[in-house]
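The same chain A turns up in both complexes below, where it pairs with chain B and then with chain C.
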Partner chain A sequence: MKRKTFVTLSLVPAIGILASLALVSVAGAVWFALMNRTLRSSDYEFVGAYNFLRLLRDKRFFNALEISAIWEVVTVTGTLVLAVLLAVLIYETVKKPLWRNLICFAFLVPVLLPRVAAAFIWRFLYSPSLGLINYLCGLVGIGPVEFLADPSLALISVAIVDIWQWGLFFTVILLKLMETLPRDPIEAAMLDNARTWEIHAYVTLPMLKAPIISLALVKAVESLRSFDLIFVMTGGGPGTATETLDLYAYQMGINMGGRISYASAMSILLLIVTTVVFTIIWKAGKKWAA
Partner chain B sequence: MKRTSLLLGTALCALAAQAQAQQTQAQEACKGAVPTLNVIGQGMPAVTALDAHLSEFNEKWDTEVKITLLGENERRAKARLDASTGAGSYQVLYIDEANLAEYVSADWIYPLADVVPESYDIADFRTDLSNVATVDGTQYFAPFVGGGDVMMVRTDLLEAAGLDVPSTLDELVEAVKVLDAADNGAHGWAARGQRGSGMNVWRWTPFFRAMGGEWLDGDMPAFNSEAGVEATELYTDLMSYGPPGVGTFNWSDAVEAFRGGQVAILIESDVFGPWMEDPSKSTVVGKVGYAPPPDPLPSAGWAHGWAVSKAGAADDCAKTIAGDFVGWATSKEMEQQRLEAGIASDIGRTSTLESEAYQSLVPAEYVEAMLATGPKTDLLIMKSPAWPEIGDTLGLALEEVFTGTRDDIAATLDEAAFFAEDSLMRLK
Partner chain C sequence: MGRLISVTLTRALLALLIVVALGPILWTVLGAFKELRDIVTPVPKLLFSPTLENFATILRNPTIRDGLLHSVIVVSASVIIGAALGIPAAYTLARHARNWGDDVQFFVLSLRFMPPVAIAIPFIVIYLDLGIYDTLFGLILVYLITTISTVIWLSVPAFERVPLNIEEAAAMEGCSPFEIFWRFALPVASPSLFGALVFTFVLVWNELLLALTLAAQNATLPVVAASITSLGKEVPWGVINAATVLLVVPPLVFIGLLMGLLNTSVQSGRK
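Here is the complex of A and B:
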């Protein structure tokens, strides 16, 4: 058997299973989206594009779209900025391998926590009357701050938990990548009397451009799946201040009216938007990394 | 006369013996036929207390009872999804007043008398709870907890401020303001703010009803009336005397704040009264007074209980075992065992309320308040299958007002009513 045939035959079953799983669920969602199915009744009929047209008149849908976009930008940017800053800081200040490894181990703990557990811990930390953060704020004369009940603070407060979980994990990855970089360009920059920040800004980080882009994409995909974190911490509230698209689809389809056709239409639109946006970002990223 | 009595007695004995024989027959036929009995529940004391006794039931039917515990909103969503899609993963469902109409109209659950053996004495369930569990004369779930509202006040703080227990709404508002302003370490008030038909809407509804509000005007939603606006204004105003974050409080947050000593006055479901007297969890034991909600506030009647799912228990044995579980879990014996374990909050049976064991566990003032609240208690929510959707939409609107996202109350309620119109139309 030729190598190419062997590779093809090995891949076909896995790709076949993945494709059929994806296609069946997408086809099911499209079918639901074209009906007026609700959970309350087994009767339904074909309504064509009604659900999609109704979405275009739904203010709450556009609010959810906006919140989702803000969530993506804040969590991806915040995670990467935190990871880069901490990785550089540890790289420059902690030289002993043992200490570095201990710090890396500690930084892995948050991402190993189940999202729901992390959400509950932080919900308690944020509590205006019993939480540690508000206690510390009180010591410096601030607050009590309603982190999760104030519409202007709720989204950023939840985003901080996401950044805490993933930023520390990405710090470990970046730190390990920095340790594998060739020393010659860095030493050359040092001989040219470059300052520390200049070495990282112009030498080490540009060398890590491709992995950082990959990390950004991984985080962007992961951020789309933050339903559990937001659901436990705020349930989408106060009001609709933290209601992302997946949360709104859940509220519409299961929690509220049981309008599963409407929720399916929302999911299809979300699928289309994310596919288009991610394809554009992926192509731009590849061009930039080249 | 004697002969008639004798004949009647003999007939009753024969009927009882026949029922017993039928039950034994069913037990023999179905023992081991259902390896797992799946139950969806909510973490109320009556549910978690079952853990200690499950082996007894498992042995009886050679089955394994698995209880999935979820938060209130999640439990409602999951049970509804399971029943509506016909998935039938759960044989026993946890039902409450808010979704009963929907479950009955969609034919998702069996009438209670069709599944629970007579030996469990259905007639002994508290009348107020059975009424909530009944649609068109048929009872659908076996209640194990429920009741109405009770006002809980910190008597020590009231006394220090020279105030009496409020008996009118005006007095309540005045007392809340005075107690909040006093240097006593407590906020004047707490209430549910988090969205949900069973959350903020539940607690807001007595205020709405007290203002003369009606849910419907003919077939059209009418909660955006003047009464709705006034109730929301007052509720929002009272929340400004609550602990930080009260705008998104659920019932647990409100109750914990009160028994943590942070709140002076709380109107909540009467089931939480005994929670205040638990020395292991409450810092206000012996400092709490109980009274009916001040006039003209009515009391929101509610009940939670077990029902058997038609999708989950489609075959005879599943139906038999699920029905027996419902009867067993809500039996007189189970309630007495709970009392022995010190759990006095969840009472579904009249015989338990009348028992010495119960009366020795709760303050006499609490029982008096419960009895005085009885005549004011009614099911205050909209009795419609569309209620979960309408209630949740209204809850979202109220949360937006409570947290300051929106300040035009009339416009916010108009929007919720517009959505409700759509929900009601879909019913037709």
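Here is the complex of A and C:
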């Protein structure tokens, strides 16, 4: 087999399937967004930009946009801050490899859980009448707290589950990365009588700038896929307090009368925003990290 | 003395962290063996007479059994096809694509940026028109986006780590590119590739949105589990806990592997 034949045969099926599926879904979404199609009837006609214009006047859409933005910021920063703090703590206090490995194993468990399972586990813990957390709150005289039914607490309560899954996972990655760092700069700083936190803030963490930026990007992309967690824990409620864009698009497109065209318009906007933003951030991040 | 106190405090803090990481899961496992009256108590019970009733309930329930079967079919088909197509493509991208390989890789990666709902909504209508809505075939087809792209994304670095001189020596002996790939690169890279496949498996096994929208009747296990809350009047917490345990076990089997994958990729990732 010639080199060229091998390259073609190995690449074309995989990339072909990916490209055609991506193209079909994007083209389909654009096409339906310009119609007024619903799941109930098979009749539809061309309505131009009507769906997009209606989106601009839809308060619930802007609410969902805001919730999505808050969700991204809270989960990405929460995950990274937790991971950095815990990685430094474990790096400094746990020296025995056996204990370190045991902690790493424990910290890897949450991220492997299916989101649906994680959502149920925490719904059970958060439950006001029989949840463990509210029992503990009760012991110190608070509560019962309606973690998932109180509009001001619901989003943060769900975000905590996301940070629980990803923050502990990133702690393990950061810890492994810190173990591979050269010892010389750290020992030099210790000879200069630097305090422990100074060593990490000015020596080790700057050396890990590139991987930390990549982790932030990975988390930002993964945070967009939070439908399962929110869907099972709150379903977007109470009211619309935890309704992100994908939940709203799902409600519109499937639950509430199947307004496919309107939901398509929404997903097109979501697609454009995320693709443009992430392409820019990804390329800039690579440059900045290099 | 001060040192002793601080050592004790850090130990307590670390113990607390492990409890936070594992406690919720262990509590759920415990709940799966409880009768409802042991769950609905104002004071949480650690001691109770265990029952297998919850597991019996879910295994006797035809919807859950079907969900399990559908999950196994959909996940294995999409991961196997994803591997068969993705691994050769990743090898070519790692070895035979100097100039345009990065662009193709970025395209593959950019599929991860696509919000799943933007895939789900158009595919509902397309599948309805084609008559493959609510079929396992349709679900496997959209899952290929996830499996092929993830396999490629994780396998390219695995092939890049294969020492070049092995492949060069094989080429000198007159091996064709396919032979080099099949007889030399693939066996050397296979441990990392296996890790990539496991990761892909976990992603698809855990997926909810596409399964919920495209195959609501022929649902996979996450969809069935997500809908249990509405069984009957009382929230069957014991049954929910048992279903959660069933859902959690397959990915957790691979935890050791994930750890190994992390160790190798961290060590070779640092330059």
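Here is the rule we use: the second predicted complex is superposed on the first by the 270 of 290 C-alpha atoms of A that agree within 3 Å, B and C clash if a C-alpha of one lies under 4 Å from a C-alpha of the other, contacts with A are read in each partner's own complex, and residues count from 1 in each chain.
One rule holds in what follows: a residue touches a chain if its C-beta (ideal position, glycine included) is under 8 Å from a C-beta of that chain, and two chains touch if they have at least 3 such contacts.
Computed from a prediction, not measured in an experiment: that's the story for all the values here.
In the superposed pair of complexes, A:86 makes contact with chain C only, with no contact to chain B. Of the two partner chains, chain C is the only one touched by A:264; chain B is not. Once chain A of one complex is fitted onto chain A of the other, the partner contacts of A:125 are limited to chain C, with no touch recorded for chain B. When the two complexes are overlaid on their common chain A, residue A:234 makes contact with chain B while staying clear of chain C.
Counting the residues of chain A that each partner touches, chain B and chain C differ, and the larger count belongs to C. When the two complexes are overlaid on their common chain A, residue A:180 makes contact with chain C while staying clear of chain B.
By the touch criterion defined above, A:196 reaches neither chain B nor chain C.
When the two structures are aligned on the shared chain, A:21 is found in touch with chain C, with no touch to chain B.
Once the two complexes are laid over each other on the shared chain, residue contacts for A:40 go to chain B alone; chain C is not touched.
Across the two superposed structures, the residue set of chain A contacted by chain B and also by chain C is 39, 129-130, 254.
Considering their complex, residues 10, 13-14, 17-18, 20-22, 24-25, 27-28, 31, 39-44, 85-86, 88-89, 91-93, 96-97, 104, 107-126, 128, 141-142, 144-145, 148-149, 152, 176-178, 181, 202, 205-209, 212-213, 222, 225-226, 237, 240-241, 243-244, 247-248, 251-252, 254-255, 258-259, 262-263, 266-267, 269-270 of chain C touch chain A. If you check the complex, the residues on chain B that touch chain A are 73, 76-77, 80-81, 84-85, 102, 105-106, 193-195, 243-248, 257, 260, 262, 385, 388-389, 392-393, 396, 399-400, 402-406, 423, 426. By the touch criterion stated above, chain A contacts chain C in their complex at residues 1-3, 6-7, 9-11, 13-15, 17-19, 21-22, 24-29, 31-32, 37, 39, 86, 89-90, 93-94, 101, 103-110, 112-117, 120-122, 124-125, 129-130, 132, 135, 164, 168, 172-173, 176-177, 180, 211, 221, 224-225, 227-228, 231-232, 245-246, 249-250, 253-254, 260, 263-264, 267-268, 270-271, 274-275, 278-279, 282.
For chain A in complex with chain B, the residues that touch the partner chain are 38-41, 127-130, 134, 143-146, 148-151, 234-235, 237-241, 251, 254-258.
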